[in-house]
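So, here come the structures, one by one.
Common to both upcoming complexes is chain A, partnered first by chain B, then by chain C.
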Partner chain A sequence: MIIFEHVCKFILSDVNLHIPQGISLGLIGPSGSGKTTFLKLTCGLLEPAAGSVYTMRLIPEKNRRKLGSMTGAFFADTPFFREEDTVESNFRDLKIIYRMQDNIFDKEYYALAERLGFRSFEKESVKQLSLGQRRRAELGALLLSRPKLILLDEPTEGLDQTARDSLRELLMERKMEGTTLVISSHNMEEISAICERIALLDHGSLRYYGEKELLLRHFAPDEVMEISFSGKMPDLEDLPLRHYSLHQNKLKLTYNSNYVTSAELLRHILAQTTITAVTTQKSGLSEAVSRIERGEKHELY
Partner chain B sequence: MKNDTIYLAGVYTRTIMKSWFQYKVDAVLRSLAVFLREATGIIVIYFTLLKFESLNGWDIHELLFLFSLLFLTYGILIIFFTGLRDFGRTVRNGGFDRFILRPRGLLFQLIFSNADWFAAIGHGSLGIVLFVISAGNAGITWSPGTIIYYTAALIGGVMIQGAIFLLLASLNIYLLETNSLKELFYWNMRKFAGYPVSIFHKAIQFCMIYIVPFAFVNYFPAQYLLRKEDMAYPSIYMYLTPVVGVVMYLAAYGFWRYSIRYYNSSGN
Partner chain C sequence: MTKLYPYLAFVKKSFLGLSAYRFNHFMGILNTILRIFIFWEIYRALYGGRTEVDGITITMVATNFILSMGLDSVFFVNDYYLPDRIQNGSIATELLLPVSIHGRMLADNLGHALFQLLFHFVPAVAVSVLFIGIAAPADFSMLLLFLLSALFGYGVLWTISFAAQMLSFWLINVWSIMTIKNVFINVLSGSMIPLWFMPDWMRGVIRFTPFSSIYFTPLQIYLGQLSFSEILHGFLIQFFWIVILLSIGMFLWKKGQKKLVVQGG
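After this line comes the complex of A and B, so read on.
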């Protein structure tokens, strides 16, 4: 679906990757690492200074119009609507721009308006909307024509939790239908929930590209288990723990989940004492990312 | 794929007119403001010129006829070329990226997705007022032939100025800022064009005929209708306005198509 071969542009240097169709990719990295540049190269808003980009087998900057009919791209700094017009009339323009039939448009529009919650202000002009309202309508407009490829640059900035949840649901549905998603975000939870693959950019180079699970297993294998017990302090001698701490009757164990599972730990401890409560916590994507960014070397690649 | 481009142009025009004329009083006042601003300039020139019998043989009504052509063509021009007039701003605020991301022609979107109707009404109605005042008094005889000629000259004049706007917009892709160029080559030349070309120094005449050919917008068409004695150029020039318009527009369009391939959005 998207191919980058030795691509250089602005900060990006020698980026190579291949994103197959139907993949949902999370594009992460610190500010200024080239995420927006990556997305703009993909849809033809920028031309690579060296190397080549192919999107749906096309050279993006030479096929902007053709790509435009199949791609939905959202950039936070690109105004999406005519400010003076109402939300609804902006959508009606899009209906004609994307050559949608009346019944299909009605179905899509009302579904999106309900789910993203912009039905209540569809008669207001865009310039009167708050940032959150505007975002909701913009994201609806992006999904309206059911593009095969969706590119989102920081889509959740300014959205409240309800809107975030609706967007996540919508994107998951589109993914099930075979849409390719590329989402850049600083919100790791968001990325983690939607994306199966991760591309990590750091100062313009690709530090990691691959499955999210693999990334987590290698860079964030730690789990934390908190156990409240009544009875005697269990013997932890033989367990492969990173470290543990004890506060009254609360035991906090940190361990590498590649070496020992929570079930094994529990079995071991249950044999020695009575447990009253257990919680476990996996470390997430943000932990993995910060470890890579700190420059932790790993034989993964 | 059905061709619905004209339909889309119609829808755009309707939406845009609706938003420009949403507040009736506001629309009237703002159009009136443009009219008065431009008319004041003309009134000052009018009283200045009253001191003279004529300017190289052109009396006051004939001069006002020259002005009427400038205002009428600009009134029509701005209906279609507001998007190109404001192109620099559209590029800077990211609006042009939006057009690129949509599956429609760029120039089409620029032309039809906005129109400064207040400028169109203000300039257009001043043009009509000046035309009504001057055309009768300047002694033009109207026949089917002169009416057809006049219409063709108006269209040609619009295309000449449209080509200048398109050229400046194309340059904007390389330069990012062309307001001063527009000030120099469009608005300044337009100020000269209010008077018969023959009163100026040779170098300026050359500019107004061959570089920024405003002479074809009003001077040569007026010469055809008025036949003044200061005409120092081949009489074929009086018929060339539509040709100059079409040729310039096609050339500017070619340059636009070429330049647009080099457009790059802002990074990061």
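After this line comes the complex of A and C, so read on.
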């Protein structure tokens, strides 16, 4: 779907990657690491200074309009609507642009308006809306024509929790239908919930590209287990723990999940004492990312 | 036809969208009528009771400014269509839509122009004809040729704006350029002062600009002042300017777009 071959542009240097169709990719990295540049290259708003980009087998900057009929791109800093017109009028423009039948448009529009919650202000002109209201309508507009490829640059900025949840649900549905997603965000939970692949950019170079699970296993293998027990303190000598702490009768174990599973730990402890409550916590994507950014070597197996 | 569908739909949408601003619209008509009557009084005073100066009758003069100002209301161009979009960055959004940005711009303007033709030109000219009177068209074929030539005149006006708008890729503010452009159009097109009254050297200069093709060529056809070969010549000149200005505009557009994709925003 998207191919980058030795691409250089602005801060990006020698980026190589291939995003197959139907993949949902989370684009992460600190501010100024080239995320927006990456997305703009993908849809043809920028031309690579070196190397080549192909989106759906086309050279984006030469086939912008053709790609436009199959792609929805959203950039947080670019106005999407005509300010003087109402939300509804802007959607009617899109209906014309994508040549949508009346019944299909009505179905899609009302469903999106209901779910993203912009029905209540559809008759207001865009310039009167708050940032959050505007975002909701813009994201609805992006999904209206059911594009095969969706590019989102910081889509959740300014959205409240309800709207974030609706957006996540909508994107998950589109993903199930085979839509390719590329989302750049600072919000790791957001990315983590939707995307199965991660591309990590740091100062313009691709530090990691691959499965999210693998990234977590490499860079954030630690799990924390809290066990409340009644009875004698279990012997933890033989277990490959990173460290543990005891507070009254609550035991907190930190371990590398590549070396030992929670089931193995439990089995070992259960054999020695009575457990009253257990919770486990995996470290998230943000942990992995900050470790990569700190330049730590990963410890694999 | 299916290729044209979005643009026709935008013409319709722009046409219907204008009906919302009634008060604004009536003030516009009033403005045109007032301007016509002020000019009428000025020319009456200048003619000082005579009916003819240098072979130009006052009826010809009245016909000139009534039709020019009428057409001026029809010939709608939004000079800031592209500049606004380049300024606020929404050009990027529009570049990614599967319709031509120029086609959409033309469609928006045409819808506006059609609306103006029906609800501005017709009433304003009707009132003026009733109270001031204009010369009848030379004959029916001249009336048809006048309409065709007026359409090309709009083409010239539109392409001048089109080319000028492209400068906004390099300039932060094109307001001054647009203002100068519009002054040139007002003065040199003959809509205020008929080109008959211009000194010979000035008419010589104006001949080499696109401005007289906008209102003055159609008007001369209407009055039957041009022979068949002169009419043909007039059409060719209009056509020439449209092609030239459009090419300049498209050339600048390509350069401007290149600037966008190379430098980004």
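We adopt the following convention: the second predicted complex is superposed on the first by the 297 of 301 C-alpha atoms of A that agree within 3 Å, B and C clash if a C-alpha of one lies under 4 Å from a C-alpha of the other, contacts with A are read in each partner's own complex, and residues count from 1 in each chain.
Basically, contacts are C-beta pairs under 8 Å (C-beta built on N, C-alpha and C of every residue); 3 or more make two chains touch, one makes a residue touch a chain.
Note that the structure is a prediction, hence the values are computed from the model and not measured.
J.: Look at where chain B and chain C land on chain A after superposing the complexes, then choose clash or fit.
T.: Chain B/chain C on chain A - steric clash.
J.: Output check: A:11 vs chain B and chain C. Expected answer is one of first, second, both, neither. What do you get?
T.: The answer is first: A:11 touches chain B but not chain C.
J.: Is A:34 contacted by the first partner chain B, the second partner chain C, both or neither?
T.: First partner only.
J.: Any idea whether chain B or chain C touches more of chain A?
T.: Touched residues of chain A are more numerous for B.
J.: In the overlay, answer first, second, both or neither for which of chain B and chain C A:162 touches.
T.: So A:162 meets neither chain B nor chain C here.
J.: Quick check on the superposed pair: does A:44 touch chain B, chain C, both, or neither? Answer first, second, both or neither.
T.: Touch partners of A:44: chain B and chain C.
J.: Counting only touches as set out at the top, which of chain B and chain C does A:256 meet: first, second, both, neither?
T.: In the superposition, A:256 touches no partner, neither chain B nor chain C.
J.: Touch check for A:84: first (chain B), second (chain C), both, or neither?
T.: After superposition on chain A, A:84 lies in contact with chain B alone.
J.: Show me the chain A residues, by the header's touch rule, that chain B contacts in one structure and chain C contacts in the other.
T.: On chain A, the overlap between the chain B and chain C contacts is residues 10, 37, 40, 43-47, 61, 64-66, 68-69, 71, 73, 75, 77-80, 82, 89, 92-93, 96-99.
J.: Please name which positions on chain A make contact with chain B in the complex.
T.: 9-11, 32, 34-37, 40, 43-47, 61-62, 64-66, 68-69, 71, 73, 75, 77-80, 82, 84-85, 89, 92-93, 96-99, 125
J.: What part of chain C is in contact with chain A in the complex they form?
T.: 2, 5-6, 9-10, 13, 17, 88-90, 92-93, 95-100, 260-262, 264
J.: Enumerate the contact residues on chain A facing chain C in the complex.
T.: Residues of chain A touching chain C: 10, 37, 40, 43-47, 61, 64-69, 71, 73, 75, 77-80, 82, 89, 92-93, 96-99.
J.: Using the touch rule from the top, collect the residues of chain B that touch chain A in their complex.
T.: Touching chain A: residues 1-2, 4, 7-8, 11-12, 15, 18-20, 22, 93-95, 97-98, 100-105, 113, 261-262, 264-268 of chain B.
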